[in-house]
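Down below are the structures I want you to see.
What follows is chain A paired twice: with chain B in the first complex and chain C in the second.
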Partner chain A sequence: MHATVETATLLGIDAVPVEVQVDVSSGIPAFTIVGLGDAAVLEARERVRSAIRRCGFDFPGARVVVNLAPAPLRKHGTGFDLPIAAAILVATGQLQRNLLESAVLVGELSLDGSVRSVPGMLAQARSAQARRLRLIGPSGILRYRAALSDLDAQPIDTLRDLLQRCAETPCPRIDAPAPRKCFPDLADIVGQSSAKRALEIAATGGHHVLFTGPPGTGKSMLAHAMCGILPALDTDEAIATALVHSVAGADETAALAGVRPFRAPHHSATIAGLLGGGSPPRPGEVCLAHNGVLFLDELPEFAPSALQSLRQPLEEGSVTLVRADARIAFPARFTLIAAANPCPCGYLGDSQRRCTCAESTISRYRARVGGPLMDRMDISVDVPRIDPSFLLRTHSSETSSVVASRVLEARQRAISRNASLDESIGTLPRGRLRQHIALSRLSATASEALASCARVGHLSGRAVVRLVSVARTIADLESSADVLRPHILEALGYRTWDTDAAA
Partner chain B sequence: MTDTFRRFEIEQDHEAYPACFFDVPEPPPVLYGIGNPDLLNPGLGVIGARKATPYGRRCARMFAGWAASHGQTVVSGAAIGCDQEAHLAALEAQGATVAVLGCGADVDYPRRAGALLRDVRRRGVVVSECPWGTPPQPWLFRKRNRLIAALSRVLLVVEASLPSGTFVTAEYALDAGREVCAVPGSILAPECRGSNRLIRQGATPVTDVSELALTLQADFQLCNPDYADSSRDELARALIANPMRPDDAARECELDIVETVRRISELELEGVIRKYPDGRYGSC
Partner chain C sequence: MDRAEIARRGEDAAASYLERCGMTVVERNWRAKNGEIDIVALDGDTLVVVEVKTRRTQSRGTPEEAVTPTKQRRLVRLAEAYLAHTGLTEQALRFDVVAIRPVADDRALLRHHRSAFVSQ
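After this line comes the complex of A and B, so read on.
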């Protein structure tokens, strides 16, 4: 008596097909699982045995061997409970064989037979859709049908439902609306006009921003406000972002509804926490921020090694974890917003309080961030303390929705300009200076301004590229086809502190 | 080699003879020179000790370079130390410079200054009261000092010990009714004793470029300091008066932030203001 059922295991953000083969033969009663499963897979024996009995089926008093093919692939997690149980039911003739043909089963079983969700269900759904198979799993899978249009999903609540529902065509269920996250509105932030402008440019061009200022001036609030001016995720972006969240076991509902992720890891984060790691490899914070914002508050307080590890994702838009048995890539294209105090005491350049730091302490503090990472910050602005009297007066300022509409228009212009190049926001070719400048359409006066900037500011090649890309975004915001002199000049005003030291 | 440059000789009764030489005792009967004789008008004399400290050299370079870039002719004696720094700075600033020698104007002395003197002959003028080919003699250099005084409307002493040829030049200049300025130095350094004494005796102390600018403006009425140039620009004036961040500057001047950031960058490129390490913008 033999049966096979299709399922899949996670490898990075992909679900790799796995076949569950069950052989029930006479002999001393036993229940064995082979095929490189981890401890969670092996524990399936107890859950499957209980669940089958609790749902009124019989567990065979015979020799049961389960093989997970392909055998050399490492399998992990509890998603194999449901396919193993189903395969045993088919092999013992308690379930019709044809019910599970052209279907993928994924789910964890409780001892009472109810089906629970496992991390990476979205990846499973995508894989099932690609393989044109019906996905049978926990009830949560129905909500993926909004994003994955032709997904054939059959939710079941308990093992027993396999008998009835698999024959039915599923009824669509109305999704609960995604939770609207609350972001601070730009209009609620008093003053800080240059920081708001920086946010607008960063949101448009996907540039990385550094806010420098004394404690309590609203750096974190500004960073959170970024979410309010970014346009919603489009369908592809939403799926890509939700996939990472799903694999990490986090809630992917918000991402599927188009809300851009905002991740703010604490400064005690390790390299594994930021980039991802572990066994099986799980995505880290930078991957969870894919298509969204990664906010690093108190940048110099992060471990220098952790900060240096950000260079690869910043450069390539992905994280590659190399393990003995696999190379796993997670997407990680995010906008980095970093906040830092200007010096350890926090009051360098403050209008009221005196900075008590020694010159050497300040340079040591700044050196912690490291030149290479600093070199990748496109925009740097000061967030100074606001005069208390100014704080209490009422001011009218633009709301986030006004800025968001400008950002959206400018992004569309950028996309249509780059359409022929198949380049999306923030991925203009870096490193290829000539090509980059040619693509940006610099006017003659802009080139002249750029040359004098480079001369006066001793700019490196990378700094010039950065300057041009920021200027290009500013030009997009003003719906200018060419980059003009004022755009270059404004971009020059947002240089980072490292460039200042060199000047 | 010097033949490739324009040589000239001007006698005392010739109309091209610069009148300023009559302000000093024993005006030279004949002037021998190589270069552009039109530059022989009173300019800014920058002189200092031959055994100059880095401080003296740096001051000479700073003030001479600034004056030359603002259209002043820099006059000095091509001696090792402060003098050469002054000529170099003037040449680097694409300005005019005059070297007065105590030997023949075609003689490269000091010998290591040959390259510098060639540049001065080509782009400025080298002048002497000694006939062609006269070898350097110590007393000739003392006498030549009165000519530097004569060619300076304002004489800036960057560093002088006591007694020294520099101090002698300053005395000639005072006798000739020239404005004498001096850069103050450490009261403990023997290299600065002469320049500090000049200040005590009434020379104008110069402690930065803007003070030199004010002196020159009073004496020449043509050399404007930087901030006078940009005085039309309210933003530049505000930032020079009180270093600020773009946000504050925008509020003070009631400008749009985008406009402010752009104009600050423009002013920065023009060299009127610069960014401080704490993020504010202010005068250079």
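After this line comes the complex of A and C, so read on.
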């Protein structure tokens, strides 16, 4: 009495096929699971036994051996409950073999036999779709039919539902309602026009921004307002982002509905928290911010080691976790928005209050962030204190929706300028930066200005490339076909860190 | 009544109960070098290895609780030895526990756990 059922285990954001093999033979009654399962997999024995009984089936009083093939691959989690139970039912003749043909089963079982969702169901759904198999799992899998159009999903509530194959019933298409988060509107932020301009450029070109200013001037508020001016995710981006969230066990409905993620980890975050880690490796904050915004408030308060670890994802657009038994890559293409005080007391360069920090304290504070990371900040703007009388007057400034439409238009211009470079929104892969410069169409005066700026400011190669890329975005916002001298000069104005260092 | 006497009377009660349930007692106190099986019975085609546990008070827990995982493993080994001894391979097998608590000199509460545990 033997049966096999298809399932899959998560490896990063991929679901790797696993075959559940069950052999039921006479002999001393036993229930063993082999095939490198972790503690959660071994605990399946108790859940499977109860679930089978509670659903009115018989648990065999015989020797039950479960093998999870390929045996050398480590298996994690509780998603094996359902396939193991189903395989036992098939092996003991309580379930017809053909009901589970060309199907992949994933789900956790409650003691009463109801089927529960597990992290990474979206990855499982995508893998089932790619393998052209029917996915049998918890009812939540229906949600994915909106994003994965030809997914063959059979939701079941309890183990008993396996008996009735409801394959032909048209599953209702459930479109996730767009859960809009509350974020400040740009119109609610008084003044700070240069910071707003910086946000608009960053939203268009996916450039990284650093806001510097004394406490309470609206740095965090500006960063949060970014949500309101970014265009919605397209289908591919939505799936890519939702995958990371799904694997992390977080709710992926917002991402599937096209809402860009906004992650704001606290400055006590560790490297593992930011990049991901653990066993099995789970994505960190930078991965959860994929196709969205990573906001680091109080940038210099982060552990220097954690900040330096951001350099790879900023450059590559992905995080690769290397473990003894696996090498796992998570996507991490995000727009970094950082906020910092100019010095530990926060009032360096303030118009009203005196800075009380010693020179050495200030340089130590800045050194925590370090040159290489600062070199990657494309746009650095000051967020100064606003005059109280100005603050209390009523102003009418642009709303987020007006800015958002400009951003969308400029993005479309950038995409249509060169279709092959449409991934240029966000972090560029290193090899394409030179190509990007060539395609940016610098006017003669702009090239001249760039060359002299680079010489005077001792700009690094990367700084020059990033400068051009910001200038190109500005040109797109002004709907200019060529990058002109003023665009280069504006972009240079946002690299205050370089000019400060050179001075 | 000493402990051995209590145990013997418990096993007698269990054996007669199992017979009344339609089982056939095959062995009583089957001994091997690493222990003994209280009762071996046949329930239809299934061989049943029965552990009988008698306790006069519940101050140390119920009788069933006394069948600890260690004791279960020993019973599994004993069952293997029994199967080897009798030459029965491919035999359907089950482990039962009969818990007995005497309430008077000639009366006791009996609880029969079918398939009480499996080999881990």
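One rule holds in what follows: the second predicted complex is superposed on the first by the 474 of 503 C-alpha atoms of A that agree within 3 Å, B and C clash if a C-alpha of one lies under 4 Å from a C-alpha of the other, contacts with A are read in each partner's own complex, and residues count from 1 in each chain.
As a working rule, a residue touches a chain if its C-beta (ideal position, glycine included) is under 8 Å from a C-beta of that chain, and two chains touch if they have at least 3 such contacts.
Note that the structure is a prediction, hence the values are computed from the model and not measured.
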Just from the overlay, do chain B and chain C fit on chain A, or is there a clash? fit
With both structures fitted on chain A, tell me whether chain B or chain C touches more of chain A's residues. B
Could you tell me if A:Ser26 is touching chain B, chain C, both of them or neither one (first, second, both, neither)? second
Output check: A:Gly107 vs chain B and chain C. Expected answer is one of first, second, both, neither. What do you get? neither
Looking at the overlay, does A:Ala449 come into contact with chain B only (first), chain C only (second), both, or neither? first
After lining up the shared chain so the two structures overlap, which partner does A:Gly79 touch, if you call chain B first and chain C second: first, second, both or neither? neither
Who does A:Ala62 touch here: chain B (first), chain C (second), both, or neither? second
Taking the superposition as given, does A:Leu492 touch the first partner, chain B, the second, chain C, both, or neither? first
Centred on chain A, what angle do chain B and chain C make, from Cα centres, as a multiple of 10°? 140
Contacts of A:Ser193 with chain B and chain C, given as first, second, both or neither: first
Check the residue A:Gly206 against both partner chains and state whether it touches chain B (first), chain C (second), both, or neither. neither
Shortest span in Å between Cα atoms of chain B and of chain C, once chain A is used as the common reference: 70
Please report the chain A residues shared by its interface with chain B and its interface with chain C. none
Going by the contact rule at the top, pick out the chain A residues touching chain B in the complex. 191-195, 197, 212, 342, 348-349, 355, 362, 382, 384, 449, 452-453, 456, 486, 489-490, 492-495, 497, 500-501, 503
Residue ranges of chain A in contact with chain C within the complex: 26-32, 61-63
Touching residues of chain B toward chain A in the complex: what are they? 245-248, 250-251, 257-258, 261-266, 268-269, 271, 274-280
Which of the residues in chain C come into contact with chain A in the complex? 46, 76, 79-80, 83, 90-95, 115, 118-120
